[in-house]
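Naming follows writing order (A, B, C, D and E), and every chain is counted from residue 1.
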């Protein structure tokens, strides 16, 4: 039979590598899927695009927008992707040099400080809350500054206009190398099992095309395995890692020479769950947090958000 | 005269009417009816599922969101924050614009040097410059006000010097012929003569200010209608989105109404 | 073809503008209508041409217009009403394009009227390139091109400077000598009225009523500038109108 | 005459000159000089560290970024994508706007029903509606073109019916008095008479289209000048940001120049 | 105070507009300047008032203006040049505000000139509320308020309809009878020129040169409409100018 055509939404980030690997290595083709990528600038429009049916599958962090779209019956989370894991470089907590000099040398000192987020209900907002909770103060003790875009936060952090931020390692490490930004902690220490990104699809796909979804997840998992092996567990040797970086470089930082892009790609490698397993415990925690912040309706249940038919959950 | 008239009466036929028309009148009552019909249809569409909630929330839901805003008291906080930014940004942009526009309108040096600069900078989308604005003006009120100021400054400059260029040169010559000083001519003839153009520039810059409010409040705004819309957008809370947009629309209408009043007052000498 | 106005009365909203006007315009005659500002002269002329409907009364066409007549009742306006985006010939062809004429016939008419108004050299000129007098000549050429039965002229010379006015008045007289057109001619200018009118209708202030109709039998060609009889008529008309003209001038235009 | 003149010559003094002025002329050469000076100062400021690289990249860096864009061949891809969106969106928005504006300008029904709707929707910031646009028009070219179309439609409508309202009623009465048909009057008198206003509306809507390009390309655009600016902004690559903004500026100038040419051609009958 | 124009020549870029004009304007005289369109009449008047500088030649003031004179050379313009945003009294006070007068003195002047031009009832009216004739009366009042030594009038009546023109001409004559003002009066209208001018200067087509200067000794009050002598002069002037007027009219205005 002819291959099923599907559209996969992606950002040009290392965290989307499993899809790229599956595509490049022909895992999608093996599953009888003809994949077309649609690239986005931000996760939010990707979620909307899945809701509107323009895109079939996507990978992104759980956000308020995503939950509300799920509540409108448009999308479902069907699997897990990026996962914080102690021991592997995960998201990093940064402060500006100015704040560091004023004594903000550990996350515990963030009380009363400003923290950059893109928007209310973004993953940054969640991380800030969790850090505050664990350090024993409340979110409102920090001044959350929404700047819409990662770039704007970087600018604000460098120029000392926001004190702190947390971000994926490849960006964090590059920033911490400069003079204006200092690393003070790891997100993994606060949310050890943080399910950073999830795989999701339209409710229609999840409920009426289980076969298609299964085939996608199978290919995606194979890609994830290769990626973990090459860059996270480093079991494929330096050669494997180099080959993987070259593969990913086709999609990520394509406009920069590989000598420059390579380290960023390696830095950005975080574990992608095997078999796209989903940390339901953490996802439930995230959902509850959204509810407690009043960002989504209290009536939304985890079943509205997640379809657990496809992957292992824990 | 009348004899002849009577005699010919039988052969006469009236001159055919061929005038009138081409003066469309807008009937005041139609507009509210159209609005009500549209909203009713929209509500009906949402209730029957003809319009999916994904595409548009029902007007009643948007109204609920609005009432939430009112009841929580947040509406006033959002409004206060936005209005403050709008007024400060718009007022200072307009004032600066009038000053620079007047210079361009009066002096060859200013015209030669500044006019091309204004034409070159005017069309730059302010939203593209937001990252730079954050660095230049910080993430406090500064960059928000600056965004609005920037957006309103240029159209005001252009309206002002356009207005001055269009002041009847005959009136200026009249002033000179009566020995009025240069300052008197500027104050009493040129500026009042440019006022209609300046006010219609203010109308445009007020609309631009409101449009830029959303962009301005992308920068670290906790409160503000623009911020409310952005959060609603990022949460895909379309009911709140529609509410926010409707509030902006109302602010726009109110601004336009105020400027209309100002025009009526200042330009009462016009036909 | 004659025209007959019967009991014409008109009001705009509350304002009565014309009251019971009865008037005949006979073939081959120029009827001048004079009166103070705002008395309803233009309104009356619009009614004669079918551009406005009187509140009561009627304007009748007595007899048929000549068969070759394309637009029996044809205006010449004070402000010329030329399309600025069309050349002289374009402005004339505008009013011919709606009629079933082939291109050659149209071209012939255009060439003819341009020649009669001495405009042949200005065929391709745009209105902005022409002086006021030339523009009005173009409007006259346009009016002639549709072979009108009656010309309706609303202060056709009052937008021109007085020397040009003098020249165009001569042209209108010459034209009448040759073609004996019928016309209703609205003017403020008594000198024009006594120069061109076979019949001069004097309207009162608003609401306009007919105060007097003066007939002048002297042939147009005999009415040169130094003419005691005409001077006397003009003086009489001016005495009739002076106070009303002053009063009309002193009125506030709104409020 | 001359005798008397000679006799009085001693007591005569010339009439004082009191005219002239108030006609600022812009000297063509000044503008390029000002531009060059500004860029030279900016470059100098960056080189000496007087302007920190965080605040603004040096013009030479922006130029390097531009050359990178040219050499990588990406410039043409970005330009092609953006120009296509601009042209399709602007063209269809303008055409629809002219049609609807003409209806409002000619018919009482359209005026009563549509005009208030247009006034209410016009000031809504399109950027606030982006999330809805994605749902309504998808993430393909549809929503990008729709954003630009939406932005250009309303000002064109307003310019068109404003232009029609301002067509000299005397010309229309003239047409009627010569027995022209309604269609002839619309085609030969009203539309040409409204053309100057429509063209100046096109000037404005072109500027708006370019501004909205950035917003439109926020939606899942891979290529396009707006997307390039957004990526640059999100990476805080200010050199690329400035390059992108400069390219938009140039597109704006080119559009304005084309419309200027069109005005010269279509309105050659004007003074 | 007399004025004397000596060898005035002027050109705009390549176009020579005026050529060697020599003219005296004597105290208490009205000098009318007539000539075809575009011959440089307005340019000449602007030079007399110091609003434009001749390319060569000079305009001299002979003798001192009266001591109480606020603005010796004062214009009345064809288009009235009233500020539409000021009322009648505001338009007059505009030209007084620059002079060291206290409020009472200013008020007295305004009341006086309004009374002299019969405008007292229209003090608070805006220009848009006034007819053309009234507007020009306001402009005359404004001119009188600065107690001019010489009035410079550029076709002051040509924007008015002919009845209003008639009325205002009477007013100007009355005013002259009372005040004996000095004036340079540019017009196209030969009837006006022979009615008002003590001296009529006829200019040729561009470049404007003086073709003739006609002096009329008859006192203004004696010049009624029926006057064979004036008619004769007017006719003579018209013959002098007719061809040039026609030629000026037939010129294309640009290209």
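The rule is simple: a contact is a pair of C-beta atoms (placed from the backbone, for glycine too) under 8 Å apart; a residue touches a chain by one contact, two chains touch by 3 or more.
These numbers come from a predicted model, not from an experiment.
Visitor: Could you name all chains that are in contact with chain A and with chain E at the same time?
Guide: B, D
Visitor: Looking at chain pairs A-B and B-E, which one is connected by more C-beta pairs in contact?
Guide: More C-beta contacts join the chains of A-B.
Visitor: Suppose each chain is reduced to the average of its Cα coordinates; what separation in Å results between chain C and chain D?
Guide: 46
Visitor: Need the CA-centroid distance for the pair chain D / chain E, whole Å please.
Guide: 46
Visitor: How far is the middle of chain B from the middle of chain D, if each middle is the mean of its Cα atoms, in Å?
Guide: 17
Visitor: What are the residues of chain D that contact at least two other chains?
Guide: 18-19, 54, 131, 135, 173, 176-177, 179, 230, 233-234, 236
Visitor: Pull out every residue in chain A that's touching 2 or more other chains.
Guide: Where chain A meets two or more other chains at a single residue, that happens at 44, 48, 51-52, 149, 151-152, 155, 159.
Visitor: Where in chain C do residues touch two or more other chains at once?
Guide: Residues 46, 49, 51, 73, 128 of chain C touch two or more partner chains.
Visitor: Would you mind giving me the full set of chain pairs in touch?
Guide: Chain-chain contacts present: A-B, A-D, B-C, B-D, B-E, C-D, C-E, D-E.
Visitor: In their shared complex, at which residues does chain C touch chain E?
Guide: Against chain E, the touching part of chain C is residues 36-37, 122, 125, 128-131, 133-134, 155, 158, 161-164, 166-167, 187-192, 225-226, 228, 231-232, 234-235, 238, 241-242, 245-246, 248-255.
Visitor: If you look only at chain C, which of its residues touch chain D in the complex?
Guide: 46, 49, 51, 71, 73-75, 77, 79, 81, 83-86, 94-95, 97-98, 126-128, 146
Visitor: Give every residue of chain D touching chain C within the complex, in rising order.
Guide: Interface residues on the chain D side: 168, 170-171, 173-181, 184, 188-189, 192-193, 195, 267, 269-271.
Visitor: Within the complex, which stretch of chain A touches chain D?
Guide: 38-42, 44-46, 48-49, 51-55, 149-152, 154-155, 158-159, 255
Visitor: Can you name the residues of chain B that touch chain D in the complex?
Guide: 18-19, 21-27, 30-31, 34-35, 38, 54-56, 104-113, 115-117, 120-125, 127-132, 135-136, 169, 172-173, 176-177, 179, 182, 185, 190, 207, 210-215, 226, 229-230, 233, 236, 238, 241, 244-245, 248-249, 252-253, 256
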